[in-house]
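Input: one structure, supplied below.
In this document, chain identifiers A, B and C correspond to the written order of the chains, with residue numbering beginning at 1 in each.
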Amino acid sequence: MKPRVAFFDFASCEGCQLAVINLENELLDLVSHIDIVNFREAMTEASDDYDIAFIEGSVTREADIPRLKKIRENAKLVVPIGACACTGGVNFRKNFYELGEIRNYVYGESAKYFDTFATRPVKAVIPVDFEIPGCPINPKEFLSVVKSLLIGRKPEIPNHPVCVECKLAGNVCMYDKGEVCLGAVTRAGCGAWCPSNGSGCEGCRGLVDEPNKNSEKEVLTKAGLTVEDAVQKFRIFAGYFEEVKK
Amino acid sequence: MQGFLLTKENIKGLVSELMKSYRVVAPVKKETRFDFCEIEKFEDIRMDYDTTILPPKKHLSPPVETLLKFKRSENKAEPVFDNTPVALFGLHPCDIKAIRHLDQAFSENNNYDRHYLAKREKSLIIGLECQPYDYCFCSSVGSTFAKDGFDIMLTPAGDSYFAEAGSKKGEEILKSIQAKPAQESDAKKAEQFRAEKEKKIVRKFNKVNASTVKELMEKTWDHKHWKELEERCLACGSCNLVCPTCFCFDVQDDVSLNLNDGERKRLWDGCMLVDFAKVAGGENFREHRSQRIRHRINRKMNYLYDRFNSPTCVGCGRCVRACTVKIDPVEIVNELSK
Amino acid sequence: MVANIQEKSLYLPKLAKMTKKERFTDKEMFFEFRFDDGSNLNHRPGQFVELSIYGIGEAPISISSSPTQQGYFELCVRSVGRVTSYLHNNLNVGDYVGIRGPFGNGFPFEKFKGHDMLFICGGLGVAPLRSLINYTLDKTKRGDFGKVYILYGCKNNQEWLYQKEVEGWKNRADVETYLTVDKCTDSNWKGNVGVITTLIPKVNFDVNKTIAVICGPPIMYKFVVLELKNRNFKEENIYMSLERRMKCGVGKCGHCQINSVYVCQSGPVFDLPTVRKLQEAI
């Protein structure tokens, strides 16, 4: 029997689901191995009977919690996809402001209609089995995780920095071009997407294990950023990490 | 062996001769830097390059290389060998020596790695004598000049190049392009070029040399400098990945979307990366960055010395260039020998 | 470079069929494999194989059976990574795996002849040592060795491997078996409680003619060596099998390197004087 797969979204731009839909050719091959039973972005039917749940988006409201718990109950495997779901993503920035203030700033007069609490990733609410980070996810990595799950292999997300993939791609280092790049402390898996296309890594996949925080700070300040700029740069995507919070 | 004198026109002739039977790989401009790429025309070659982003190794042992193709359902696998003839053109002496190291590493102990060797045996190496640039330090590790390891070696001699054959194949090629035999004065000009190169090398080990650096490394295992480097190093692995003598690899399986056909691939790996010495059970045998830097520098200067009868490092300077915090083997060795 | 070598890949495994699969603990399982052509693995005790599953990967696994056991070989595998968990969860008797090897030096048992043998096994370390233990105890080889002492420790009473065989060792008149658990989790347990080093003072071996062979978790070696030194054990009579990450098994991939030594080639078995020269070894 084919595994039944569901996609869910929380606070997000839905770009990760779009990345899946954009797989087009591969998607046809993929649906010969899986049944997609719930995918609001792509279909109208919806079922609560599924094996694997891919979740996009961060958790920003009280009402998200029971919904997530229900998904956890229904699914054998829960896999958050994208920066928002894995680490809070850009949405996590709001946690560096006073909640009421930021709510008023975003929603203005209608703020009272919008319930909100501190942004958190999916794993802060329910246990997750694997994660596919990135803003958006790398479709190739998504495919590789799905293939792994289908053949019963533990998916592996790289535990080395973007520099590795950037070197393998033979790129000129961003610092050689006078640009700032967070690749040295950001988890790889994107194939050094941004540097390969001429712009420095923004850290969307989150930090590697044991990043050398002090040294990275020095690299960034030498490149012309103030310490405050450097912290803000990391907070775009990596605010959830202890190293960046402080 | 007899020398030849090649004019620029002759070099062009040489390259077009090579292009008939080889994929010709040569230094070309890539944004602000240079890289070894397959060329389509002679004009793309930059004979004046300083160093390349990645070493020419990438054309003999590619960053990602398929070892086996398999079918899961049948439990069947076939090895994959790529022996497309490749001519590596314009290699500096350091990179030539590095390939000698790889040749040995991939054929030691009767363990012949045919995936590398099949390609290597069909390859041709055309060396090009160089001038030092901001990062290299070849004289400290004994790789200033290439005595062997090339099929043809080109050394600038005035407006032309003095060419020596280092192999039968090389000699045949030089003869086939009807290169003119060199005069003694041409050989002298080449000699002069090399002498000047040697004089211009400023980055050096100040207390040890290629044969004594090993001893220094053995005495400085517990040196406090390793801990100091831990503070700076980002453990990003860039130094490993741009190194012409790093040959460590990881092996990974890929399956296609039919979930049946797949490939077992090897990928360049680096001992500076956190998982390099970590076993599945969780134990990490070089957990700290200081341990990993010590391992890398020792591997380049000491550990493999007895096997290669020389430091493994060839002093190309790519690691320093690639390092965002400029960790530098020359500085390290000089600090350790203070 | 050597020309004229037939195109042969160092990385192409040979298929072996799983003929037994048995659960030992939550994490460890026992497997028996046979080659279809009936050939032997031709290994030495202490060597390892690269176990390969297409699409999943390869993992180094020490060989647990004695070469005196012909026609098949045995592995005791802990489910910790991709390959090992797949082997546990997805493969069954009748399925095939790829095998490369045997690799490594194995134990220099020729040198051990005429000596008493002291085996010190911690946890899964019993797997490679069992190969040598069963070799030593094999009726065709038993006369080559003197007294045999087996020290075997586990974290708790749920973690015993080869329980039936251990019982067999205990019942043999020519073997002294000492067992311990770090933490007792069985109220019926009457044996020793404490780490493996606490067993060493209980054994009455003759340091002049005993060879000690150690295998266990990385943390164990230093303490066991210290305890043996307390008993005036000669350094050259202490051997150990070391664990490292290994991808190729043929001295290329670099993961297993300890100082100048590639464990997959020069090891995994080392004597203590060699280990002393390798700063990173234990």
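Quick notes on this structure:
Here is the rule we use: a contact is a pair of C-beta atoms (placed from the backbone, for glycine too) under 8 Å apart; a residue touches a chain by one contact, two chains touch by 3 or more.
Since the model is a prediction, treat every value here as computed from it, not as a measurement.
Shared contacts of subunit A and subunit B, meaning chains that touch the two of them, come down to C. Counting C-beta pairs in contact across B-C and across A-C gives the higher total for B-C. Centroids of subunit A and subunit B (each the mean of its C-alpha atoms) stand 37 Å apart. Between the CA-based centres of subunit B and subunit C the separation comes to 39 Å, rounded to the whole angstrom.
A straight line joining the Cα centres of subunit A and subunit C is 42 Å long. Multi-chain contact residues of subunit A, defined as those touching 2 or more other chains: 151.
Contact of a single residue of subunit C with at least two other chains is seen at positions 55-57, 81-82.
Within subunit B, the positions touching two or more other chains are listed as 72, 255, 259. Listed in rising order, the residues of subunit A touching subunit C in the complex are 151-154, 156.
Residue ranges of subunit C in contact with subunit A, taken from their complex: 55-57, 81-82, 85-86, 89-90.
Across the interface of their complex, subunit A is touched by residues 30-33, 35, 53-54, 58, 63-64, 72, 231-238, 241-242, 254-255, 257-259, 267-268, 270, 273-275, 289, 322, 324-325 of subunit B. Contact residues of subunit C toward subunit B in the complex are 1-3, 5, 7-13, 15, 54-59, 78, 80-82, 84, 96, 98, 217-218, 243-245, 247-248, 250-255, 257-260, 265, 279-280.
Residues of subunit B touching subunit C in their complex: 67-68, 70-72, 75, 77, 79, 81, 103, 105-109, 111-115, 117-118, 120-121, 221, 247-253, 255, 259, 262, 264, 266, 269, 271, 276-283, 285-286, 291, 295, 298-299, 302-304, 306.
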